[in-house]
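Next up, some structures in structure tokens.
After this come two complexes, each holding chain A, first together with chain B and then together with chain C.
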Partner chain A sequence: MIGGLFAHSLSYWWVMIPAVLLGNIVGAIPGFSAANTIIILLPLTLSVDVEAALIFMMALYSASQLGNGIPAILVNIPGTGGAAATTLDGYPMAQKGQAQRALVYCFVASIFGGLIGTMFVLVMLPVLSQVGNYLHSVEMVVIILFGLTLIAVIAAQDLVKGLLAGMLGLLIGAIGTDFIYSEPRATFGMIELYDGVPLVPALIGLFAISEVFMLIERGRVVKDEFMDVVVSSKFYDVWLLVKESLRSWFLMAWTALIGVIIGIIPGAGASIAAFVAYQQARTFSKTPELFGTGVPEGVAAPEAANNGVTSGTLVPLMAIGVPGGSTAAIMMVVLQYHGVTLGPRLFIDRPELAYGIFTASFITYLMMIPLMFPMAQYMSRVTTFPAFFLVPTILTFTLLGAFVPRTYMFDMGLAVAFGVLGYLARKTGYHVTALLIGIILGPLMEQYLMRALRISRGEVDILFSSTLGNILWVFLVITLVLPYVRSHMAKQKVEAA
Partner chain B sequence: MEKRPGLIPELIIPIGAIAFGIYYLSTVWSLPFQARVVGIYVSGAIAILSLIIFVRLAREFASGRKSLGFRGFFTDPTAEVRRWGVLVMTVLFIALMPLLGFTVSLFLFVLGTVLMIAGMERLKHALIIASATTVIAFAIFILLVKVRFPLSIVDTTIRNWVL
Partner chain C sequence: MKRTTGTITRRGLIRAGTAGAAVALFAPSVLRAQGSYPTRNINVVIATGQGGGAETTARCFTNVLRTDLGVDFEFEFHPGAGGQVGYELYANRRDKDGYNLLYSNMHPEIITFATQETTYDLPGDIIHFAKTGGTPIVTYVGANSPIQSLEQLVEEGKKRTVTIATSRLPHPGTIGMLSLAEATGADFNLIPFGGGNPTSMAAITGETDAAVLTAGVAISLGDQVRILGTFRPTPEFDAQMGNPPGVNSVFGTSIPELELSQGWAMHTEVWNNMPEVRERLVTAIRAAFDNPELKAQFEAVNYPFEGVEYGDETVCAEIVQNTIELARRYKDRIRES
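Presenting the complex of A and B:
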């Protein structure tokens, strides 16, 4: 049956190709996302037959996850929060003239992660559809803590400054109306901040605008001594790099599975998955000290996790009719318009739809191979463009992108304010990613923690009350302690020698 | 001539963070404890970390590794003028868009930014980049995606002419 479903999905190649190309473009422009693009294209998806609509949305969603990583590597601007972890090593690689290598790792990890994630979901669907039932507020608190511990990892070079940036990010993330009492907090009297700090302007300011200010100083992305490396790169190099990147298949596979599991949890999403995957990749790396200086594993892990999320987020939608994220919610609207009833019966009544969405995702990722890899060589040349071209182009598309989600002029101004903050932070040795992690994960952490405390009537013991939660706590402690144990053992080994 | 890096830039983020922490607490102080808890703990952590930075900077100043002032923060004067120029252009772009509309403000913004960075000798390049960027942005944001940017008579005329 599965073979037939693959063949059936493949017959929609004419829908997949434009969706992949469009998905890459919207993924690469901050402010745009698969969710708002599908909303814009609703008249199209509502007018075609339900299978074509579903395959189009799935292909666009998968491709946009891959597209997010491209500007993160080339110009240090993540398309969404999910690609912020990719900048940590992707951009240093681009500065060293290795943009092509970073892009190939990004594409391979995205495609490999997407394929593994889809296959895993297809095989384990009945089990995975139950995962959401076991992950409550307490378990979510621990999962988010995995992401937050990345602040300490980033802060390795200067712990105090890194932690201060993270704490400031958490406090900025706590701006807006309180979750329980609905009281405005630190909004400076601005009604636009009542819903909290919007992520897109914060992301654009901290990364894009501050990067533009740095770029004016440097002249171009790639350092002068590496210009020749970029200019002399050849198409054949791409295939050598593909072979090289596939040696990290195990890392990509397990970080993709992290993405699938986190994707299943409603409201979690790609940001948490990418940060957790990066943190885990660093913890279990033989050379953790090199993370952040431009190592390909630092690109592969978050990208594989990002793309694992795409399959995971659809599990609760198809299995129990609960969307795992905003894109899945819009897909649900389209499916309901076409008269599709989501839930367990769908797998019996219309298997071509229920399983077809995953086989379509699988084929979409395969289609990305001929569509994306030939472009890596040309995309890497962006790093050699002069500042007088890059600065206005980046500013235009990111500032306009800041306006798109809420259509407030205020958000463009907010992006500039975050740009100044990001620039000051960079110039004085504070990591903007630590700030961003706080802004993204802070409100989520607060929301789940408050919910847990509310359930227990303020008793902190609830955080250690579930078996799964306690297992996750143990893993968290191992994750935090392991690097120190390993470095201590390595020191002892050297001393003994 | 003074060659030690100045410590004032290093004070901006910690002082700003403390000020924001105090402001945050002032807005939640009258709320029940559960609503204040995040503010109290995070602001407290900010205060402690900032204090450590202040002590560290004071020691660096005392040992002669840091000087008073901004040394090391402002680099090459040409780059500084360009950076401030681009910041002013960006603020003007956002402020003037509701008055001038999407197309005119964007064209002037890109033209001004290129000239600010590359100088008047790149006028031809500036005109090409500004025109191309404006056309592409108009096609994507106004025609294709139909984002509701402030439009002037110029924008509506072009849109009606194209569609």
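Presenting the complex of A and C:
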């Protein structure tokens, strides 16, 4: 039956190919996402048959996750918060003339992560649908703390500056109406800030616009001494790099599963998954000290995780009819207009559609292999483009991207303000990623923590009240302590030698 | 000199310019006088996010209205702060020309207005003029919950603190559960989950003992949840909800009947000063209820049609007034909860 479904989904190749290409483009432009593209294309998705609409949306969604990583590597601009962790090692690789290598790792991790995630969800759906029963606010507090500890990792390079940047991010994240009573905080009467500091303008400002200022100073992305490496790269190198990257299959597999699990929780999403995966990959790496300097594992882990999220968000949608994220919510609305209600009954009423979601996702990822890899070599050339070409292009797309999600002119101004802040941070040695982690994870942390404390009426011991939560706490402590233990052991070895 | 077709002369240019200016100046009033509103697409502001109940029902209506009015509808979504963002933006930044409408989740958004300091006034700046329907507020538990009935929920609340998931604190569901706690002596701890989906998930996964939301959301979850009771007896929904009892009938209380109504609103200035716009919209919306296509639209998206019911500006004014009074009465209790 499954084989027949794969063949059936494959017959919609004419829908998948444009969706994959479009998904990569909208994923690569900050501010444009699968969710708002599906909304823009609503008339199209309503005019075709329901299967074509479903396959188009799934292909677009999956491809946009892969697309997010491309500008993160090439120009230090993540397409969404989910690709912010990719910049940590992807961009240093690009600066060292290894953009093609970073892109191949990004594509392999995304495709491998997407395939593993889809298969895992398809096979384990009945079990995974129970995961939500155990991941409550308390457990989410610990999971988000995994992501927040990345601030400490970044701070390890310069403790005071790292922590200050993280704290500033958390403070910025606290702007907006409070989660419990809807009281505005630090909004200065600006309604654009009532719903918090919008992520896209913050992301665009801190990464894209500050990068534009840096590019003007440097002239191009790649450092001069590495120009030859980029220019001399060959098409055949891509396949050697694919072979090389597949040696990290185990890392990609388990970080993809982190993505799947986090994706199951409504409201969590790719940002948390990518930061947690990066942090975990670093912790269990044999060379954690190299993370942040341009190691391919630092690209593979977050990319596999954020593509795993794509499958994870489908679990609550298919198991109980509750969407796990904004894209899934919009897909649900589109299917409603086709008279299809997503949920467990769909497996009985319309199995071809229920399983079709997963087979479409699977085939989409396979289709990305011939579509994406040949482009890696040409994409990597972007790093050699001179600033006078890159700067206006980046500015045009990113300022438009800042405007698109909410259509407020205010957001373009906010992006510029964050750009100045990001530039000053870079020039003075503060890490913009630490700032962004605070902005992204701070409001989520507040939301889950306040909810947990409200359930317990302020008793802090609720944070240690669940078995799963306590297991996660132990893992968190191990994660924090392990690097120091390993460093201590390495020192002892050196001394002994 | 022979004048040829297509040659632009100074006199011709002046004539054409004068004619054009005259058309530009007087056309709107002429068109209005001819009752030709609307002549261009109508913008609809929704104060909640995409994919919610407001969008679903608004689109059902606009799909019918577009045939009658002969123009299309464009949607913009401005969620945040319990509807405050969308309302402030609509009141202060959208042209008061009849081409901007607001589609509203009336009760929670009016509660926000009554409990927060806002820059808009109801009905001073925005007037609700057509109720499109209402679904009762219900309390429900996950299918695996040991709590089987409303009485059992209250009994549990007398023995221990019972956690209730709600979308947000300024919400009719919150007021309902606080009233029930007050009337029965039960201890209900209201936990805001920030939206219908997370609220339902909390009840389904057992993070909270129960949840309180609209019947529409609970019905859409099918056998994942068990509806224990309703804050407004609604026979038309009974079959879909599994015939839950009314809260007041079970406990002999006199808790105000609570529902979540949706409806159309517009700038009060337009309502007062542009009667042709007002009449055209009211007539078209009223007529939509008699159009079988409306039911077909609701059925196509699997949204319950039972609660669809027209209410004119008087009905809306009553809802606004009563909800404001109710919210102000419970304002302190919401803050203390």
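Keep in mind that, in the parts below, the second predicted complex is superposed on the first by the 497 of 497 C-alpha atoms of A that agree within 3 Å, B and C clash if a C-alpha of one lies under 4 Å from a C-alpha of the other, contacts with A are read in each partner's own complex, and residues count from 1 in each chain.
Going forward, contacts are C-beta pairs under 8 Å (C-beta built on N, C-alpha and C of every residue); 3 or more make two chains touch, one makes a residue touch a chain.
Fair warning: this is a prediction, and the values are worked out from it, not measured in the lab.
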| item | value |
| --- | --- |
| Room on chain A for both chain B and chain C (clash or fit) | fit |
| First, second, both or neither for A:Tyr181, with chain B first and chain C second | both |
| Partner chain in contact with A:Thr407 - chain B first, chain C second, else both or neither | both |
| First (chain B), second (chain C), both or neither touched by A:Leu399 | first |
| First, second, both or neither for A:Val299, with chain B first and chain C second | neither |
| Partner chain(s) touched by A:Val391 [first = chain B, second = chain C, both, neither] | first |
| Partner chain(s) touched by A:Val416 [first = chain B, second = chain C, both, neither] | first |
| Partner chain(s) touched by A:Val121 [first = chain B, second = chain C, both, neither] | neither |
| Greater chain A contact set [chain C / chain B] | B |
| Contacts of A:Leu163 with chain B and chain C, given as first, second, both or neither | first |
| Centroid geometry (CA): angle chain B/chain A/chain C, rounded to a multiple of 10 degrees | 80 |
| Partner chain(s) touched by A:Phe213 [first = chain B, second = chain C, both, neither] | first |
| Overlay on chain A, chain C to chain B nearest C-alpha distance, Å | 9 |
| Common interface positions of chain A, toward chain B and toward chain C | 180-181, 183-184, 407, 454 |
| Contacting residues of chain A [partner chain B, same complex] | 40, 160-161, 163-165, 167-168, 170-172, 174-175, 178, 180-181, 183-187, 209, 212-213, 216-217, 386-389, 391-393, 395-397, 399-400, 403-404, 407, 409, 412-413, 416, 420, 424-425, 427-430, 446, 450, 453-454, 458 |
| Contact footprint of chain A on chain C as seen in their complex | 49-51, 55-56, 59, 76, 78-82, 84-85, 88-89, 112, 116, 161, 163, 168-170, 189, 191-194, 197-198, 200-202, 204-208, 220-222, 224, 299-303, 334-335 |
| Complex contact set, residues of chain B against chain A | 9-10, 12-14, 17, 20-21, 23-24, 27-28, 31-32, 34-35, 38-39, 42-43, 45-46, 49-50, 52-53, 56, 73, 75-76, 79, 82-83, 86-87, 90-91, 93-94, 97-98, 106, 109-110, 113-114, 117-118, 122, 125-126, 129-130, 133, 137, 141, 145-150 |
| Contacting residues of chain A [partner chain C, same complex] | 35, 39, 132-134, 136-137, 176-177, 179-184, 191, 194-196, 266-267, 316, 320-323, 326, 329-330, 332-333, 336-337, 339, 341, 343, 345, 406-407, 447, 451, 454-455, 457 |
